[in-house]
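Note that subunit A is present in both complexes that follow, paired respectively with subunit B and with subunit C.
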Partner chain A sequence: MLPQVLFSGLALGSIYGLVALGFALVFKATDVLNFAQGMFVVVGAFLAVTAGTQLHLPFALTLMFIVVAAALIGAAIQALLIRPLTGRSMLSIIMVTIALSIVLRALIEIIFGPQPRALTTPMPTGVFIVEGVRISQLHMLAAGVSWLCLGLFALFFRFTTFGLQMRATANGHEAALVSGINVDFVNRVAWAIGSVLAAIGGLFLAQLQLASTELEGIGLLALPAVVIGGLQSIPGAIIGGLLVGLIEQLASSYVSPRSADIFVYTLLLLVLMVRPWGLFGQRELGRV
Partner chain B sequence: MSGEQAAVSAAPAVRPARGWRAPVLLVLGVAAACYLPFILTERAIFGVRLSNMQLLNIGLTQVNLMMITLLGALSLNYLTGIAGLISIGHAAFYAMGAMAGAVFGTQLGLPFPVVLAGSALVGAATGVVAGLPSLRVRGLYFVLSTFALHYIVVFMLSEYQFRFFDVVGIPFEEATLGTFVLDTPLRWYFFLLVLCVLVYVGLRNSLRTREGRAMMAMRDHELAASAAGIDVRILRLKAFACSSAIAAVAGTLYSYYMTNVNAEFFTIDFAIQFVAIIIIGGMGSLAGSLVGAAVWLLLPAVITGFAAQIGSTDSAFGTLLTESKPQLVNLIFGSLVIVLLIFAPGGIAGIGRSLRDRLSVRVR
Partner chain C sequence: MAAMLEVEGLSVGYARKGLALDDVSLVVPTGGIVALLGANGAGKTTLIRTITGLLPMHNGRVAQGRVRFAGVDITGMAAHRLVRLGLAQVPEGRLIFKQLSVEENLQVGAAFLPRGKVAERLEAVFALFPRLRERRRQAAGLMSGGEQQMLALGRALIGGPRLLLVDELSLGLAPLIVEAIYQQLMSVGETLGTAMLIVEQNAHVALEYAQTAYILDRGRIAMSGDAATVGASSAIADAYLGLAGEVPADV
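Up next is the complex of A and B:
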């Protein structure tokens, strides 16, 4: 039983890690804790429903549709909602993302109806058994794609000029501005990337379960994942995601399914009390 | 930033009573508050019948629920707007109040006033525990700890519910104050009205005490406040205890009013509605909480009214109104929060204040 639990924990954790990476990117670039990230997952799921199930687009086009639409949505939100609030109090910015998730959920439920939708894609759904462990191909694919995205982003940050600009902006807004970086554009791209990563997570979660606004709760698990890993740390977000996936699966198979979230949030509270900068983050010093 | 804060901190300052105006307004307000339930139950004003549409489809039950929500909003506005501590897990204290009510009232069968006092104590204790992370972490991290706390408390409530009751929920008996049985909405109305006024006046007066001023100082500049000799750590816990005691009492009242409570009621959305109310009404303005709660009350009613008018016609808009009313309410509520945050951070109370300032300047 344990290897089975570990496998599904790591596979789900990879998806959480992907969503959490988007979350951490937005936070690093713009200092905004995006409570709408869970809803971005749902948006991704319903973009997949629109393109795949309703418009009957081929799968490659569906993927492109999801990526482009999610990027546009993310960029539009940054331009319309986040940018005007630059320099406002933290509660205003947090609340705007929460209100955004309320609005997005209402819109999705008005457009698609409150019933969950099944997602039909040509992604493999079979299962193969290795030494008694049932390995679902979809889980494997989800984990594989997540790790591919994570790798691509690592390369992007390390080796491209724009990646360097993003890292510079995250390091210090003023310094980046002075060096001639278009900080506003960088922020917009960060929001677009964050939204795309959440949407890819949503695509897989919708295929694994059903496309519904309930996926928001799963998407919001990215929040403890990021904090446990360390808010300022990109690798921390991924490892935090894996940890959250593992804890969820272990708790729901050995304790009770209802207690799964509690273990995650208790760990979050413990990390906040003992090591608020997370496992991999850097300690922030209070300056006067 | 500092300008915004200065505007907020000016809000609760004492304004000198302008001669005859204040007492007259007070008498009119009391008269209106006492007459309102009779308008709503008899559906008539001074003998003139009113249609449902004219009354915006509001019944006394909704007004009572609004007053219970108002207690929650007041306690959150005190915590966030006055003491500057952000909590997005305020439903946890409501859930705590429901649990305390179930233990003291349903299980032990204690009298209602004792239950209320007990839940206030339990709430205060929970508040101190919830405030403990504030000794170690600031800002963002603290917000996250209230978020985590919400899930933990609601889980406790659901475990408690499944251990002693069942899926249906926790039943609550009829509330009685001595011989006064709270069995009709009308009786609840007057009980809640008195309670709301007491809490409102109590909180407003507490702002003028040393503690209240210290809290505002802490909100505006923590370092300056502690340099002025304020122990901000103790003060934070005090603010939390006070705020969560009120919220827990509101939670107990809510349970008694609903007569049956399920742990599933207390979602994170339930907690967020309080934050939305104080943002719409005005952060740091106790009167703003009332405005926000009123918007929260009126919005669904107005949409139902519209739906009744337009729904009869077969237009697409009519079916949209009737079929997805809760979604529409959320859509408008959420958009209102976004628009106010961007264009009027002081909420409706802030808009009112700036309008009045403009008018009074013109008079002079």
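Up next is the complex of A and C:
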């Protein structure tokens, strides 16, 4: 049973890592803890419902629709809600993101009704069995796509000028402005990317389960993932996501399905007490 | 000589505070080197922020007056656009990207240049500061203060600015290093014709290199003239030793 649990833990953890990467990216670039990231996952799920189930678009177009729409939503939220609050306290911006998630939930329930929706996509749902371990093709696909996205972003940050500008902005806003970076634009792109990553997570979670606003709770697992990995660390967010996935699956298989959150948040608490900058974060360097 | 930078009747305030600058006028001629002196809290940083477009992020606002750069009104223009126009700055505290490598720091400064020019400009900066070439792969935050200051200068110069604002370059550096960096700066000014506005608490150093100087005292220009005259005047002693304690600090 253990290999089975480890497999699904790592597969789900890859999705959490993807959502957590989006969360960490927004935090690093804009200093905003986006508590609406969980609802962005739900938005992604219902974008998939709209495109695939309601508009009957071919799957490739569905994917494109999700990515473009999620990017536009993320950028619009940055422009309309976050940018005007530049310079305000962290608390008021966090309150805005919480309010945003409540509004998004209400909008989704008004548009789609309160009951969960099944997703109809041509994604494989079969299982193959290796050495007695049942490998779900959908889990494999979700993990594969997540790792592809993570790899693409690593390349983007390392080798493109815009990626460099994003890393520079994350390192210091005023320094970025002084160096000629259009910080506002970088921030907008960061929100767009964060929203797209959440939406891709939402697509897979909706296919694995159902599309409903309950997916917000799963999306919000990005929060412990990011804190455990280290708020300032991009690889930390991904590894944090994997850890959360593993712990969740181990706890629900060996203890009780309801106990997963207890273990995840206990680890969160331990990390905050012993190593508040996270497993992979850096202690803030003192300013000279 | 045409003016590279003209500040006219500028008054600037921060939210819920009085004016930090009150009717300030100042000119930096094309290719000229101008010193801006004054005690802590005199308004030097506010003036720099206003010129470079950083005022909004510190909740400041221009109440009156304007700033022109090479004849163009730039009052209230976004910071990144000013850099692209050729107005670069070496900020107080250097503000380098500590987690990026030395070369990456310079590449950020060159990001708005056409792709083909970046390598050539990078070479020019390395030629100016060979130390940076030796350390190009190192994380910038791990270098000494003097090297970080060279990096901040290199990052500002890589875009080929027409005007360079240098804010408190000497802060926290040994006098010998300050001297060396200033001399490199002056050779840049001579070869490229870059105009400079040098903001210093260390009046001695600045007056040694500048042609003209302004003294800012409690948000007003207390005196201006050629560097030798200003250096010999009593206004400079007043500005530093006078009533500085009464001024709200403009941090």
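One rule holds for everything that comes next: the second predicted complex is superposed on the first by the 284 of 288 C-alpha atoms of A that agree within 3 Å, B and C clash if a C-alpha of one lies under 4 Å from a C-alpha of the other, contacts with A are read in each partner's own complex, and residues count from 1 in each chain.
Heads up, the rule we're going with is that contacts are C-beta pairs under 8 Å (C-beta built on N, C-alpha and C of every residue); 3 or more make two chains touch, one makes a residue touch a chain.
Keep in mind the model is a prediction, meaning the values are calculated, not measured.
J.: Answer with first, second, both or neither: which of subunit B and subunit C does A:87 touch in the superposed model?
T.: After superposing on A, A:87 lies in contact with both subunit B and subunit C.
J.: Between subunit B (first) and subunit C (second), which does A:224 come into contact with in this model arrangement: first, second, both, or neither?
T.: A:224 sits against subunit B, while subunit C stays out of touch.
J.: Could you look at A:68 and tell me whether it touches subunit B, subunit C, both or neither (first, second, both, neither)?
T.: Once the two structures are laid over each other on A, A:68 reaches no partner at all.
J.: When both complexes are superposed, which of subunit B and subunit C contacts more residues belonging to subunit A?
T.: B
J.: Output check: A:33 vs subunit B and subunit C. Expected answer is one of first, second, both, neither. What do you get?
T.: Touch partner of A:33: subunit B, not subunit C.
J.: Where does A:118 make contact in the superposed view: on subunit B (first), on subunit C (second), on both, or on neither?
T.: After superposition on chain A, A:118 lies in contact with neither partner.
J.: With both complexes overlaid on chain A, does A:262 touch subunit B (first), subunit C (second), both or neither?
T.: The answer is first: A:262 touches subunit B but not subunit C.
J.: Where does A:161 make contact in the superposed view: on subunit B (first), on subunit C (second), on both, or on neither?
T.: second
J.: Report, in rising order, the residues of subunit A that make contact with subunit B in one complex and with subunit C in the other.
T.: 87, 288
J.: For the complex, which residues does subunit B have touching subunit A?
T.: Going through subunit B, the ones touching subunit A are 1, 4, 80, 86, 88, 132-133, 136-141, 143-145, 147-149, 151-152, 155, 158, 223, 269, 272, 275-276, 279, 283, 320, 324, 327-328, 330-331, 333-335, 337-338, 341-342, 345.
J.: Could you please specify the touching residues of subunit A with respect to subunit C in the complex?
T.: Residues 86-87, 161, 164-165, 167-168, 171-184, 282, 285, 287-288 of subunit A touch subunit C in their complex.
J.: Touching subunit A in the complex: which residues of subunit C?
T.: 52-54, 57, 59, 78-80, 83-84, 88-89, 91, 93-100, 104-105, 107-109, 111-112, 141, 145, 148, 155, 159, 172
J.: With touch defined as at the start, can you tell me which subunit A residues reach subunit B in the complex?
T.: 33, 81, 84-85, 87-92, 94-96, 98-100, 102-103, 105-107, 109-110, 114, 223-224, 227, 231, 258-259, 261-262, 265-266, 268-269, 272-273, 276, 286, 288
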